[in-house]
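Structure below; questions to follow.
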Amino acid sequence: MMQIFGKIHPQTLRLIALFVALLATVLFFSTQIDSYLSPRMFTRITTSAAVILPIAVGQALVVMTRNIDLSIGSTVGVVAYLTGEFLAAHGDLSPLLVALLALGIGAAMGAVNGVLVAYGRVPSIIVTLGTLALYRSFLVQYSDAKTITTASLPQWLVDLPQVNAFSVLGLEVRVTVVLGLSAAVVMGLALTRLRAARRIYAVGSNPDAALMAGINAARVVFVAFVLSGALAGLSGLIFLAKFGNITVVAGLGFELKAVAAVVVGGVSILGGSGSMIGVVIGCVLVDTIDNSLTRWDLVSEFWRDALLGMLIMAAVTVDTFASRSLRRLGAQKGAQ
Amino acid sequence: EAKPGQAVNMVLLPKFLGVAVFDQADRGAQEAAKELGNTGTYQYEGPTPENSAAGQIEMLTTATTQKQGVVMISNNAGDQIAPTAEAAQKAGTKVVTWDSPIPSGKGESLFVAQVDFGSIGTVMADMVYDEAGGKGEFAVLSASPDAANQNAWIDAMKKVLASDAKYKDLKLDDVVYGNDQSEESYNRALGLVDKYPNLKVIMAPTTVGIVAAAKAMQDEKLCDKVKVSGLGLPAEMVSYTMNGCAPEFALWSFVDLGYLTYYTSYMLATGSLKGEIGEEFKAGRMGTMKIDADPGRPGAKRVLMGPFTVYNKDNVEAAAK
Amino acid sequence: MAVLELQNVSKSFAATAALKDMNLAIEPGEIHAIVGENGAGKSTLIKIMTGVHQPDAGQIRVEGAAVAVRSTQEAQSLGIAAIYQEPMVFPDLDVAENIFISNRAEGAFMNWKRIYAAAARLIEQLGVTLDVRRAASGLTLAEQQTVEIARALSLNVKVLIMDEPTASLSAHEVARLLKIARALKAKGVAVIYISHRLDEIFEVADRVTVIRDGQHISTKPIAEVTPDGLVKDMVGRAVDTHAVKTAANPHGPAVLRLENLGRAGVFSGIGFDLSAGEVLCFAGLVGARRTDVALALFGIAPATEGRILIDGAEATIRTPQEAMARGIAYVSEDRRKLGLAMTLPIYANISLASLKKLLGGLGLIDRGAEIAMAETYRTQLAIKSPDVRVEVGKLSGGNQQKVMLAKWLETKPRILIFDEPTRGVDVGAKAEVHNIIRQLASEGVAVLVISSDLPEVLALADRVLVMREGAQAGILDIAEATQERVIGLAAGREARVA
Amino acid sequence: MQRLKSWEGILLALFLMTFAGNVVLAPEFLTVQNQVNLFQLSIEKIIVALVMTLIILNAEIDLSVASVMGLSACAFGYMVTQGWPAGGAVVICLGVGLVAGLINAVLIARAGIPSLVVTLAMLIGFRGFARVLVKDQSMGNFPDWFTHLGQDPLVGPLPLALILFVVLLVGLGVLLHRTGFGRQIVVIGTNAEVARFSGLNVARVKTTLFVMSGFVSALAGLLYAARLGSVRGDAASGFELDIITMVLMGGVSIFGGKGTMPGVFLSILIILNLRNGMALTNITGHIQTGVIGILLIASVLIPNLASDLRARRAKAV
C-alpha cells in the first residue's frame, strides 16, 4: 500500500482523495434519498454546476497567482444584463458572436481589475472589493429597474439549457455543461502544456523570484484577471440562457460560491498550486452537497446552510491533513 | 377629501432599487403627486439589493433627520425597523407602509395593503386548485424565510386550505425558499420535483421565484406534469403562460398601489385624514377608501386597495405590453 | 570591446546614495570580481545591470550600444543573467521547471521529457545529486542555490553575474562552482563574481574591482593586488582581519550534553559535551544535517531519540520558548525567511526575542529603553544605518546579519548556536563577528557554530564536530584539526574518530 | 514608517474635507442627534472593525464575523422567546461568541488551515446555525432594559454601544501600539516564521485574536439585537465586507504587518461621514456604495501612482 502511494505524485493523490470524497458523498446520499442515483439527478447537478464552473475556473487562475477576484458575482450580473439587453435589440446575432460579446464584456471588466492590480499595484482584495460594489452599482443605475425577460431573447438562447449535447449511458450531457466543462478543459490543458500558463504557477509561488527570473509578473497577473473576467462572462451567458429573467440581483453572492469551489478543489489560497481537475471536482462536490441537502428529508430547510458550512469545513480539513501527511511521506521518501 | 396644493416632503422607499414593480409604484406615486399639486419634495430612494434591511433602516433614520413629512416604505427589515419607525414618528415623520408592512405594526401609521392578505390566501388556494385539477400534491416556493408578506400569505393560504372542504384533496408537501435569487429558486424548484414525484403544482408567491420555477419546468420539459402558479409580473410571465408552463397567476397593480399610498400619506400628513379606524376618504381615481383594522396584525391599521387581477392566456398578453 | 559597460551610473534609495557615478567595463571571457564592504553597493550595481532597478543617471552599454534595461526579461534577451544573493526559487514548481520556467528558447509548449532530461544534465554538470522531479519547497539553501545556478547556465548568456554564490556553500561545492566559472570563461562568457571570500577571488578572478560607499575605487588585474591591499581599498584603511583567539576554558563542567541525539529519518547518534566558554564548531558538507541538529536543540523540530542534558539535568525541548527558557539562542542561517522581520524597523527586530524585559507596568513597552538598547548595538556592532528606526529590509545583507546577531545577544543566552554566522558578511565585519563570538565565549557562554567556511571553523573553534550524512563523523580537538582532516571526515575518506 | 505617517495625513485631510463638505451642504449634519445616529447606524460594524484591524495586521482574515453576530443575536432572540431570563441569555450569547471564535482559532492556529478558507466555511456555517435557531421567525419582545440599552442614551447623548466603541478603540489601540502583545501581532503578521524562530508563541497569539474576534462579534450581535429590538435569520448578514473595507481603507495592509489603529479610526470616520453626508443630500444608496468602492481603490492607487511619478521626476532631474 505504502509503496503504491509512494509512486504516485502527491498532487495526484490529493485529487484521488477529493474524488473519493465526492464518491462517498454520492454514496451516502444515495442511501438517504430515493431514486438518487438517476439520470435526472445527474442532469440536475451538472447543469447547476455548469453555471458556477466557469467562474470557479477563472477564480482558480487568479488564486493561483496569489490574488483573489471578489468582483465576479457582479461581473456575471452585468454581463448577463448587457448581453440580454443587446440581444433584445439584435435578436438575429449569431450564437458565436453572442458568446464573443459576453466574453468580451467580461474580459473588459476583468481588465479593469487586472490593470489596477498588476500595474496600479493595488492588492487584489481591495480592487475587487471595490469593483464588486462598483459593478453592482453600475448595474442598478444602468438597468433603471428594467428586467430582461425571456420574451425578448432569441429562442435558441432560451432553449439552450434544455439542449442535449450528447448522451452517455443514458445520462444526458447538456450544452451548457459542455460549455462550462470546456472552460475547465481548455484551461487545464493550457496549465500543463503551455509555458505561458505555467508562469501563472511561478508568479503565485514566489512573485519576487518571478521578477528576478525574468517573468513579466504584472502581465501574468493582468492576464489572469482578464481570463477570470472573460470566464465570468461565460457564466453570465449561461446564467442568461438558464434563467432568462435578469434583474439587478443576478449573480449576487457568486464570488463566494466560486471561492468555495476553488478552495474545496484543493487550489492553495496562498497561490502557486492547484489543478483544473481539482476545481471541477470541487465545484461538483459543493454543488452535490448543496443539491442533495435540499432533497434530504432528514434535514429541514433551515439546517441546510449549517450543514453546508460544516461539510465544506470538513472537506477542507480532511484535505489539509491528508495532503500534509502525504507530503511528509514524500519528504521521508526523498530523504531515504 | 384631500386638500391639494400643500407642501409635504415625501419619500417612497422600496425594498431595494432596480426592481420593476417598485418602479411602477414610483410612477403611481408621481401621478398622485401631480394630481395633488404637492409643493413639497418627492424622492424615490432605495438601498442596494445586498444591503436591503440595514439600508432601509439607515434611510429611514436619515429621512427623520431631514424632517421629511412622510416616509412610505415597503418594509424588508421585518420588526427590526420598528424602533427606527417609532423614533421617526416621535420626531414628526410619519411612516406609512405599503406592499410589505411592519409585522408588529409598531411605529407604523398605516399600512396600504395591496389586497386583503386573507384573500391572497384564497386566490393562491384557488389557483392551485385549478391547476391541479382539484386534487393532488403541491409545494410552495417562497422568497426568503424572513419575508413578512410572503409568510403572511402562506399562512393565510394554509388557513383557507384547512377551512374549506373544497380543498380537502390538495396536499401541501413542503415550503422552500429561493431567497429571491434566480439561481437558488431554479434549483429549489427542481429539488421539489425530484423530492415529490407526484407533485402537480408549484406555488410561488414571489415574482422572482415564479419565473425561475417556470423556466426550470420548461428547461426540464416538465410543464405537462408540473404547473407553476403564484404571483408574477405579466411582462415576465407572458411566455410561460402562453406555452402552458404557468397557465394562471395573479398580481395587483403596483402603479395603483403607489398612487394610493401617496394619496393616503399626503392626506395623513396634511391632516385631512386622522388615521383612525372607520375613517372613509376619497382617494382620487381609486375612489372611496376606508381605514380598517388589519385582521392579520392585531392593533394595526390598514387601507385595503384590492382587487387582484388573475392572469391567464386571455389577458396576459395585453397586460404585458 | 567591452561586452557590458556602465558609465556614470548613479542610484539612490530615498536618502541613501547606493551608487555614485559608477564606471565599470566588463570584457568578454573574463572573470571579473567585485568586492566591497557590506552595503558598498555591489548588489545594487548588479540589479541595475539586470533591470531590477533603474539607474537614476548614467548609461548602460552592451557591446558598445547604449541600451535601456527596464526589466529582467530585457536583460535576459540582451544576454545578461544573474544568480542573486538571496536564492529565488519557486517552491511549488519542481526542480526542472524551476530551471526552465523563464527560458524563452524552449518554445511555447512544455516538452516535459526534454526539460527533465536537460535539467538532470545541468544538475549533474554541477556535480550535485538532486531529484529534478522534486518540488523545490523542501530544498536547503545550498540546493536552492544550485537550482539558481542551473537556471542561469541554461540560458545562453554573454554575461553571467554571481552575487555571493558561495555564501552558503562548503569547500567541496565551492570548488565545483569555480570550475564551472572557468568553463564558462573558456566559452567566452564574461563572469561577474561577487564574494566576501578573498581566497576564492584570488583563485578564480582575472580582474578585481573594489567599490566603497557606492563609488568605484579601483579595477586591477588580480596579479597586481594583494589580499591586504584589497581590504585596505575596501575599507579605506588598513585592518587586521585575523581574530584574536583568547584563551578559553574548555574543560569546565558541561553546560550542554547531548547523548545519542537523533531525529527519525533526519540525523542520529549526535553526542558531545559543551562547557561554558567553549566554542564547538559543526563542520560538514552542505546537507550534512547540521542545521537540523540545531533545530532540534532549539525546539523547532524536536529530537525523537536520545537525550539533551543541560547542567546535567535532562531537558525536554519541544518549542523555541522552552529552549529559550533554558538559555538557548539560535541565530538562523536564513535571515530573510527565519531571522528578520524585513518591513519592521531595526529596533523592533533587536528587541523581538527579549520583549519581556522591556515591558513596564500594564504590559506596555518602554519605548525609550527599546530605542536606547538598539542604539547600543548599532554602535557596538557598527551597524551601518543612520538610525535604528530604519526598516531592516533596507540594510545591506551584512548589516542585516548584524541586526540578527544583536537580537540574540540581547537575550543574554548561556548556550548560543550560530548557524553560518558570517554568511554574506564582509571581511571587516566578519572579523568583528568572530571577535564577538570569542568575546562571548570568554564571558562564559557556551557557543556552537555551524559553518561551511573552513578557515572560519579553524579560526574560531576549540573543538570541531564533523557531520556526514546525518551522522557524527568525529570530533577533533583544535590542535589535531587541519583542513585536510576535516574535509576527509566530512567527505567520508577518513575513518571515524572517537 | 514615513509612508504610513503621510498616509494618515491623507486620511485626516480627507476626513476634514468630508466633514467640512457635510457642514456646508447638509444643514442637519451638525445636530447632536445626527452625529450620534451617524455612529449608531453602523455601530456594530465599526466595533468589529477594531478587532478585524488586529486580525488583518496579523496577516489573517475573519470572514465569519457577521455570521457570528447573526448567531449571537439569533441565539439571544431564541432564548428570550423560550422564556429564559435575558441577563442569562446575554452571558450565554457571549459564550457562543467565544466558542465560535475558538472553533475558528483551533482550525487556523492549530490545524494550520488558512483563515480565509476556515472563516469562509464558517460564514456559511454560523449563519446556518442562526437560521436553525430562529427559522422563519422574527423574534422580539425583549425586556425593556435590554432595548433601552440599545436605543437610548446612557451618558449624556451617548448610547452604550458608542461608549463601548470608544473604550475598545482606545483599549485596542494601546494594546496594538504599546504592548508586547501588540508587537507580537505585528511581527507575526510580518513574518510568522521569524516570529516562531524568535520564540514567540504564534499559535497562542492567533488563538487569542480569533477568540477575541468571536467574543466582540457576539457582543456586537447583542448590540444589534438591542438596537433593533428584534432579530431575524439574516441579522447583520453581509456586514463582513463593509467591515473589511473600513479596515483596508485605514491603510492596513491585507498582507499583514502594516497599519495603525488611528488610520482605521480615520477611515471609519470618513466612510460614516461620506455615507451620512450623501444620504442627507439625497444621493441614493447604490451611488454611495459605488463612491466608497472607488475611494477604497483610489486610497491605495493614488499613493502608488504618486510614488511612481516622484521616482520618474527624480530620475529626470
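Per-chain residue numbering starts at 1, and chain names A, B, C and D are given in the order in which the chains are listed.
In this text, a residue touches a chain if its C-beta (ideal position, glycine included) is under 8 Å from a C-beta of that chain, and two chains touch if they have at least 3 such contacts.
Treat the numbers as computed from the prediction; the structure is a model and nothing was measured.
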In the chain contact graph, what is the shortest path length, in steps, from chain B to chain C? 2
With contacts counted as defined, which of the two, B-D or A-D, has more C-beta pairs across the interface? A-D
Report the inter-centroid distance (CA atoms only) between chain A and chain B in whole Å. 35
Between chain A and chain D, what is the gap in Å from one C-alpha centre to the other? 29
Could you please state the distance in Å, as a whole number, between where the Cα atoms of chain C are centred and where those of chain D are centred? 43
Listing for chain C: what residues touch at least two other chains? none
Among the residues of chain A, which ones contact at least 2 other chains? 136-137, 140, 302
I need the residues of chain D touching at least two other chains; which ones are they? 131, 135-136, 233, 286, 289
Dump the list of chain pairs that touch, please. A-B, A-C, A-D, B-D, C-D
Along chain A, where are the residues that touch chain D in the complex? 116, 120-123, 125-127, 129-134, 136-138, 140-141, 256, 259-260, 263, 269-270, 302-310, 312-313, 316-317, 320-321, 324
Contacting residues of chain B [partner chain A, same complex]: 16-20, 22-23, 48-50, 145, 175-177, 180-183, 186-188, 190-191, 194-195, 197, 208, 211-212, 215, 218-221, 233, 235-236, 238-240, 320
Quick check: in the complex, which residue numbers of chain A touch chain C? 192-196, 198-199, 201-202, 204-206, 208-216, 268, 271-273, 331-332, 334-336
Which chain A residues qualify as touching chain B in the complex? 33, 35, 40-41, 43-44, 47-48, 51, 136-137, 139-140, 143-147, 149-151, 158, 161-162, 239, 242-250, 252-254, 290-291, 294-295, 297, 301-302
Can you name the residues of chain D that touch chain B in the complex? 28, 31, 33-34, 37, 41, 131, 135-136, 138, 140, 147, 150-151, 227-235, 238-239, 275-276, 279-280, 282, 284-286, 289
